[in-house]
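Both complexes shown next keep chain A, but they swap its partner, so chain B is in the first and chain C is in the second.
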Partner chain A sequence: MNTIPALFAAPVAVGVISAVLAALISITDRIVNNYGDIDVSINGGKKSLEIKGGQPLLFGLAEQGIFIPSACGGRGSCGACKVKVHSDIGPIMPTELPFLTKEEISDNTRLSCQVKLKQNLDIEIPEELFNVRDYLGTIERIRAVTHDIKEVYVKLPDGEEVNYVSGQYGQFEAPAYDTIKTPTMRAYSMSSPPSDKTHLEFLIRLVPGGIVTTYVHTLLQEGQKIRVVGPFGDFHVRDTDAAMICVAGGSGMAPFKSIFQDRVDNGTINDRDIWYFFGARTKKDVFYLDWLTQLDRDNERFHFVPALSEPQPEDNWDGPTGLITEVLGHYLVEKIPAEQAKEGYLCGSPGMLDACMAVMQAKNMNPEKIYFDKFA
Partner chain B sequence: MKMSPEFSKAQKNMQPGEITSAGFLGTDSRNIVEIIEADEERASALGLDFDEFVPVLRRLMEEGRKGLGEPVTVEGRWIVTAYEARGHLASPFEDGVFRKVNAKIVRTENGKPTPDAVLVSDLSLHLMAKYHFLQGRGSAFRLEPDLIQATLA
Partner chain C sequence: MNATPLLNPFSLFFASIFTSNILLANFLGMCSFISISKDSKSSNGLGFAVTVVLVITSAVNWAVLHYVLIPLQLEYLRYIVFIITIAATVQILEMIIDRVSQALYMSLGIFLPLITVNCAILGVSLFIDIRTYSFTQSVIFGLGSGLGWWLAIMALSAIRKKTDKAPVPAGLKGPGITMITIGFMAMAFMGFSGMLQVQ
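The block that comes next holds the complex of A and B.
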């Protein structure tokens, strides 16, 4: 008969007790945290869903094909995933506070990544989110347009189409790779025109330390499958006669490529004055130069103004120099009639947007007529 | 090496998927106290003072932000590109929330970029200033003391 030597009795006992306790904890967790299926009513009953409880609302909705925008993949660090929750789900969490204004709080706005599905909910989301789809596309082409920006052209699955307004963005997902254990999504404006219904194109600039941009620039291959969710965003051209004052830098070019090509496609490129200010450091940082220069030549009401902040001798640059905000300010005073109605369209980093808005407002542009998607 | 409850919690928060997808420790098998002590020792050997070089890095990052997302030459010695994304990041030590701003600082010679470059962020600078934490080996935001010295030379 085998007996456990006395030397090992205590460690074995501790091990057995630990295993039993762990099992008890696991069972208890499943019982206590088993919320079952939760009923979620959207927009006053327009859509009703039954979602597995216990998970964040953001993920639960996504499982049911309702995609709320998120720039951080649900980590509570971007504030993009706002929804109105008309049910009483308790006080605002500390993780939500940095992202909500007083008005939003009084309006029942919450971050859907921080709302756990524990009870039936009545929520409200922007109507356009019902148009958002989840696509498993194929990378048809990857092309370097500058040393740090890649143009990524995605073909949608056969039989599928995308409908969006030029200026909107999609969420592009990098799979898990290297030390990144989970897929990561980031938002990028679509640079393709809406007329191309079977493809989506993005301009993705390498951000040092950036998870998705590093993947795109080092690992992404033509022919590979890639997940894209969209379209999102309310950055679009307003239907007026006002002069469009458009400003971008780097990959901020993306929505404007879509917007300008869309206007060429539908014959409206000369319906109103369009000024496009594009800032870069040196000539090698400017791209689509030929296309934009040709648009300027071919269309009397389209004006392309590239500005270099630090042109190098080899650039032989005789165009505007300085930061794009300086050039913008100069043109708003010297070249664009002061009495002309204007709308601002901006795409770039939060810092660039703030600086451009300050210049535009200093030159008497109406802040309510300055439009942007504030993400990088 | 045994850590205080504060550092043990921070170590947990630094794991991939907790605050950021990549985490703060890279592939380093050391705990954060070991990382900090080793880096403090190397910095001291190089004559680097955290109280001196961290403010320089922060100043360069802020100068870089003036480029509005494009590279900018600072003092004729560095090219700095500041990147910003929407939102904030929590410190793994649970002592603050920081803007998602990062900057690549490249030392130049005769106006041309050299290989001496560091990547900093609003959060990484806080961790350096307060805890002398330069992140684990393999982390994208890890700063080797030798590279700090070379870049700021």
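The block that comes next holds the complex of A and C.
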């Protein structure tokens, strides 16, 4: 063999051997990972689906129009896509363990993005997920309500309607842009009332470095198509006579706007005492001020308490000042009768949630009657 | 060191398990040997996986060597080619086990991919070349080496169970006493070498 062919022989041989092995692997993959169609029975046979096997349960269900909430898109990093799997599908995987509590492990809860469809399954999902749809909406209006919060009003496709309960959220998808290579979904509470069945409104605050919020604040235009999946979530008003102690900050306004407007629409706004504490730094961070003060004025049992932590001289602020927790604590002692039954409703940053929980519990509110939106 | 006529299949099998144990005579595959032997259940799983992979890769690599590399005079590529076939074998094996037995798949866990970089596997394939084994000899040598590796890791994990509770001087705890233990084990296995040798 002379030198020139010998020079080429080596890379060619290595290439051919690698190619043969790669082909073998992919043939094995075709044969071994071909599970055919899998029957999935949901909630004791309420719905039966035939799904192509070999893929994660989360994607298989989405293909059939059942959307399990997932903030990370199936990467196994958010732990939101929990479902109960009653069929025996083997032990829990190390990738699922960090997201499951002891109770969840004992009642067969699994992460649907980590469960591969290999055999017929019997699963259980929250009933309301049947209601979840995938909408390709149109941005009808987008406007800034503060310097860093935008109100985004999405029109659903013609002929489609959405049914949800005030306090639920939707997943809003930003398409790939700039250096972000894949579409990204984030969850935002609906701020529109459920009576508006052909639109969904979201309040989206600019988070520095946030993929979806940056997109919404810099690139999203009116008239553009946008993908929204929802509704999800179990944050809702409990049907009791207890006074509602609502606390929000920033875009945590969204579920409450929906809740109050819903009660106005139903004529139930005056049926129970509602205290709405809204915390902001300066006056420019407060929004919907006119609407809320008007509600307060018109309805004897509705009380709006905006509080500024750093009022500026030009704000001419004569309302409460200080951190929202201080104002809340003060009102719970001074203004709201101690003997009155109370329920807490919270929406805001995790830090604010924890601080408000602590204040409410210190003022003898039952922690089991404090509800919050954990996605906020 | 040409064809080794002294070895009938049975002596080769016996020798590769005991007298020329791939771990304790050749010191190949030490890293997983030391790290996994902490736990005897994992050791068992890894030992089994190593054995299966060794049998398959010794057969495949023998075929690649004799039907591709030698005819094309490309023996000098054996390192890279052997590693590629080992990686592919492990990959295919992993997919098959995933399909066939979920329990085995879970118990092997990350060990199966780790085997790709276990030098005992590459070592066996290279010995097959150096010692010019026939196909049958290669498979027997692969099986024997795997069983020998399995035996050695099970023995070490059993000993480590004892040394964990023994009053070992603080400075020797963990890897220190393990290395000393392995040294004693190697000496013990050398006792077999008087019987027969595969070199």
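Assume the second predicted complex is superposed on the first by the 370 of 376 C-alpha atoms of A that agree within 3 Å, B and C clash if a C-alpha of one lies under 4 Å from a C-alpha of the other, contacts with A are read in each partner's own complex, and residues count from 1 in each chain.
The criterion applied here is as follows: a contact is a pair of C-beta atoms (placed from the backbone, for glycine too) under 8 Å apart; a residue touches a chain by one contact, two chains touch by 3 or more.
Model, not experiment: these values are computed from the prediction.
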item	value
Contacts of A:90 with chain B and chain C, given as first, second, both or neither	second
Chain B versus chain C as contact partner of A:370, first or second or both or neither	neither
Partner chain in contact with A:13 - chain B first, chain C second, else both or neither	second
Partner chain(s) touched by A:24 [first = chain B, second = chain C, both, neither]	second
Partner chain(s) touched by A:184 [first = chain B, second = chain C, both, neither]	first
Which of chain B and chain C A:359 touches, first, second, both or neither	neither
Touched partner set for A:162, first chain B, second chain C, both or neither	neither
Partner, of chain C and chain B, that touches more residues belonging to chain A	B
Footprint overlap on chain A, where chain B in one structure and chain C in the other make contact	none
Chain A contact footprint on chain C (complex, rising order)	64, 68-69, 72-74, 77, 80-81, 84-85, 88, 91-92, 95-96, 98-99, 102-103, 106, 109
Residues of chain A defined as touching chain B within the complex	71-73, 75, 77-80, 98-99, 179-182, 184, 207-211, 214, 249-250, 252, 279-281, 285, 309-310, 323-325, 348-352, 355, 374-376
Interfacial residue positions of chain A with respect to chain C in the complex	1, 6, 9-10, 13-14, 17-18, 21-22, 24-25, 28-29, 32-33, 89-91, 93-94, 118
Residue ranges of chain B in contact with chain A within the complex	16-17, 19-23, 26-27, 65-73, 82-90, 97, 100, 102, 104, 119, 121, 138, 140-141
